[in-house]
């Protein structure tokens, strides 16, 4: 390709000119193949400087320019715009950085000048082989899917809907609300969880822009940012929420009783049930697995008694496909399984509870109506031991990380207990108290001081039943003494872990997970609410242990990112993307494995780059041994010639 | 000591003409030797064109031998060297060594009717013959030129062909019909079948894509042309041009020395390795 | 071999040997780090000519070999710290590849100090200057490399 | 014991039934001691199959070459090829499967175990016989090889004749096969893995440089080492300055823009470039059949360049090529715990 | 002239010659026989088999720079030819088949258009041959292609090993010069020596060798069966490595390429390197069309070039029966067997 390249060397006042002989750079480059114009100027980025570029493009019929000046981070855009103003494709402009990478870091003109020549020459070699490109325009679907109906999902859905976006909220349970709805009162203000959450849930159900899909899960996601195609599988809604009158006629006739997961199995429920009174959608649900049989119908009692005719056994599960512009993943957490904790009885002792069970005990809507009673004998426990860090901060055996909120909810539990059982004594075994957060430290202090919770620093080595009590064997590391407590109840502050199914969800969404299995953010500091995949955002405990305020923050932050993304009619994607040479590609899929953005798939046995997903990192090019894939405008050919230029050849 | 056969002479590009556009563009280059260099050639001979830093390519000399001041080459952009020369400008200097290969026995054809059948870039090698024949119009009988391209924009030497019309019978064709095209539509081999040539005292010279040549020869034979009356040229990959690098051979013949011009009678005796 | 020793001695004595270095810098961290070194006016030797690439993951081993083949005395590849890659994990791929290139070069007798990889973040201008200074310092006693594989 | 009759019978059945396009195996040749690759298409040819320690060739290569051949010949016979595969050959097949170069349905693998033996190194044999030509070569138990010459038979220790790769091979049986001949003999190896490599790797740096410079100087760049490698199946190789994949769509620019990473000149520097690039391209892919080293007409220890990366892959990344077709390849994967100390 | 050199004087002769020329002799390096420079005073053990690498390098090196160019100004490129001016060289231990190959190479490079690079080197190399006492390789078949274990073609001197001494016969003026340079080391050859030489030669001839059918039969057979499907069949195992031709003493194909040494200004070398008719791209056109696009046609090219075309062009077979292509083919492709099977002789 014959190229007509112009080279413009900037003095940058004396910033460059003091150490680089700019005239010499311009003169030498003027001799190079394809360079038809070469000049120097005191401030290239000034108006006259830019104008001189425009003039030269026109006068000398330039098809590419190199500006030898400062770092491209400063003025690449400036000069690309200038080039465009001159009628050239902006991608035909390259910057040679001879200021930060040369003039400013050397003193000896005799050495800096040849280096500046090499840098500029490399840029010339590169630009000579640049393709003219235009940004890739990607139309966007202005509809968002939120996965998970916990507080994170609810907040996201409401924020988005209020900003005017269509939202599809997908929840795998029969109701939204997540774990927050199970909580009794919330630290640090001790306001009632349901009181603050229920209104929001209702808002969700009322908002016309929100399509609520409960008992549903995302089964597949294809497409890319702005243009996802999502398939949602919904369980058969045997009870029509529109018709259900919440009369509760059906439950008494149901012969089946199974543990109630809403109460963490502390109570039972029927096969037809409502998770809790404020459930949204407000409707009874038929649990197909628990039911004696629907196909063929074995019992059929509930249908018989339902006067509203809301029950229909023949409804089929369905798959709905949505076109979605962005996705917020808010799949939440679960508690670390007690079964892993041998020293605390592997979940076999009924009076060793986990945090959520204790929340239910404290909750006015809970199995005991808010009274703290032992599950084994429904007696009020007088000595309750709370064990923090159960399963967390234990890299050898359990989770390595700090679950962050357990210190706080334990303090809350102990406080609530002391409030409810005035003659009782709460003991807390802790390793450290982490109470960072507004009003948190004060809350903990209060529980120690005002509510007289006894805090013992140390680990509990064993809990075992003994004479109707639970023997708690621990050490107080502050005093160095062994501690033995005969407790009536033990509450474990279990670590938060990614909710069951997070791995599959991440796979479906093609987003990464961190080493602990939480959904991975794109950058731990700078892009904490974005996933690695464009258009998929993270909110809530799915991304890592966090409390409600943080969850809500992140949800709103994710929403602002979504709005940013979808507020343009078209997404502009950088056109410097990878390009496959079909003739060379053997379809070995190495690039497919290496691409951090899963932008490559095999189509007819050849690698195919989805330009919208490709970020132009070139990892594929570095991987392909057949040189079958290159990133536009940083091709191997260009690098090859740049290397020669750097070697002075 | 013998002259160094590998050393090119330097020649300046004096004129460039765009003939055909597209992915496989053709340009005609007129080159003048520097410092009184140069060589004489005959119809059908070729020369090795050098672009320094890129390499060499064998190209037919497309100007008539009678022209001594310059040589002309029509080059299709297909690869490293040809792309490089396409990118050159008037005034740039290339290397040329030659002439190589045999010639069309034009002198033996005096008094005969000549039919030229060309396709695509294949007009270049036979162009000097056409030029020579026309320049010495009286020495020959009928002169007929069949030439075809894919479209009207793919016709090499369009203007020159038009000028020929007074001196020769010129039939131009394009492969596919187009608006405003008045010539023949369809493939060259079919075109000649529509305007049968008498083999009587005639010589047919054909050059073009291998597949075209195959059909043209078939059709000529059907018209009664003897194998000795049909001439064509062949191309094989070449590096040295002087029968040493060992790759252009077809059977025992090194095309760069014994070819590229062959009568069909001769070619039939060689293996199908071209 | 004697020849090589000779060359080195000459180079050392005259104090004139200036190693030629090609430095492949990732755009987001190391190139930005080198910019910071510039902004901070840190001084370091002028031997390394930078080539900015999108990501250290895009540095094909052939680039490195080619630089040596073309006569580089030293080659540097620099990227973002592990975990900080702008493209999430490009530098992990780079690390693996470059580890292999390095072992291979050493196996055929290229001094370990001729080829280097570093992690330089956008904030580490000082580190960048140091990396180059160290590299040049370590290369000087080695003398010219000549073309890869060629007898020195 | 591998019963050659069983292999022949299987080959015959496969050909009779028309299940396979051809059977690739070994037959006696006329050029020397070694067996030569055989392409059987008729059932009666099955009788010519042989199996002995001269069956060196890695026949996986021909699956690759036949694929190219079918393409140039525009053949669309989709039937599979049956191929006789030793342990190393089968590992090559695994890599080819891993890279989607072949499909499992394209090949019927007649796996043969080396049963504690292996194949000979022709250079060692020539040396041992002081230039005399061998007429027969057969394993005699696991530790000895019987060699027949015009002047009678001798028995030599296997460790003196077997190829280095066989001496170092711990898994001398196919990993992947449809039918297996012979027993999988576990855990044999005459010398430790990478023994040959280590003798060079342990030399001081200067010696290593001199060693390789001499070899690179000598290489005639015939590329036999590449041509014989089943993993070097690219249509266009970085080392070729003239060969290119030309399709009807290949543009002039594409051809003109071929990068000349390596000049054709057989200079030490260009040869070094060739060998290093090749080694890098085979990192994690080379399964150490050592064919490259065997075919080198000027005896360049090409294998060691691949070995050094193989060892690194094993030690640093716990990666063993040719084990699992489902695995991502060495350089298209990483682990967080990959070595990091070497980075400044 | 003919003379006798005691074996222990060989070193002295070489030492004498070293003062006026570079001396080369077969050398066994890393298990490979090739030719290497002889250090003064070093032993020249002439007990080699057939060297793996033939001596064609001396006249036709694998890489030859034809000229250098520099395009500082695109209107006036500079070209500097690099026709070599080699120092004189003496090559010892050349086997007769390789000597005969020189005759063939001369035909290619110096008949008609003279190749100045080849000529310049050829003028300065003297080949001292060594008659074979027994076939140095199991694949030798020199006698079938008109050669013999003591053929003198292409050599300047022929040495024949006798008990404790060499019989040295000069064949050209240049050969004679070598003897004259150290006359005192040589004894006159007597009639007894002549007889012994004759017996040694006869014994060598009588040694069983592989045989190729006669030139006429082969030429005729190859012509008749030019389109035989056997080519493809026999070449099926060929991997196209080209070892057969790179090692052949009489293969001469080459490629010419530009190698760039600098880009500003553009400078480089036009380089000739060996090429190989067994490489798939050898004849491939830019269009992708390849007249010899399968191993069968390429094998045919090699065999027919050696045994048919060369005969048609020069009246002699190009192959001299050294057997290298057979010995070194990694997959056992055997020119003798191939010829016989295809030509049906």
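Note that the chains take the letters A, B, C, D and E in the order they are written out, and that residue 1 is the start of every chain.
Here is the rule we go by: a residue touches a chain if its C-beta (ideal position, glycine included) is under 8 Å from a C-beta of that chain, and two chains touch if they have at least 3 such contacts.
What you see is a predicted model, and the numbers here were worked out from it, not measured in a lab.
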Inset, instruction - Provide the labels of all chains in contact with subunit A and in contact with subunit C. - result: D
Legend entry - Intersection of contact partners for subunit C and subunit D: A
Inset, instruction - Compute the centre of every chain as the mean of its C-alpha atoms, then state which one is farthest from the centre of subunit C. - result: B
Inset, instruction - Report which interface contains more C-beta contacts, comparing A-D against A-E. - result: A-D
Inset, instruction - With chain centres taken as the means of their Cα atoms, state the distance from subunit A to subunit E in Å. - result: 71
Legend entry - Distance between the centres, which are taken as Cα means, of subunit C and subunit B, whole angstrom: 54
Inset, instruction - Take the average of all CA coordinates in subunit B, do the same for subunit D, and state the distance between these two points in whole angstrom. - result: 48
Legend entry - Distance from the mean Cα position of subunit E to that of subunit B, given in whole angstrom: 39
Legend entry - Touching two or more other chains - residues of subunit A: 1, 594, 623, 636, 640, 644, 649
Inset, instruction - Identify all positions of subunit E at which a residue touches two or more other chains, and write them in rising order. - result: 255, 257, 260, 266, 284, 286-287
Legend entry - Sites on subunit C at which at least two other chains make contact: 62, 66, 89, 93, 97
Legend entry - Complex contacts: residues of subunit A adjacent to subunit E: 28, 31-33, 121, 125, 641, 644-645, 649
Inset, instruction - Could you please specify the touching residues of subunit C with respect to subunit A in the complex? - result: 18, 20, 22, 31-32, 34-39, 41-46, 49-55, 57-60, 62-63, 66-67, 70-72, 83-90, 93-94, 97, 129
Inset, instruction - State the interface residues of subunit B toward subunit E in the complex, per the touch definition above. - result: 1-2, 4-8, 10, 12, 34, 50, 52-56, 78-79, 82, 91-93, 95, 210, 235-237, 239-240, 242-252, 257, 271, 273-274
Legend entry - Residues of subunit B touching subunit D in the complex: 23-24, 54, 77-80, 82-84, 86
Legend entry - Residues on subunit D engaged by subunit A in the complex (per definition of touch): 99-101, 233-236, 238, 245-247, 249-250, 253-254, 257, 259, 261, 280-281, 328-329, 331-333, 336
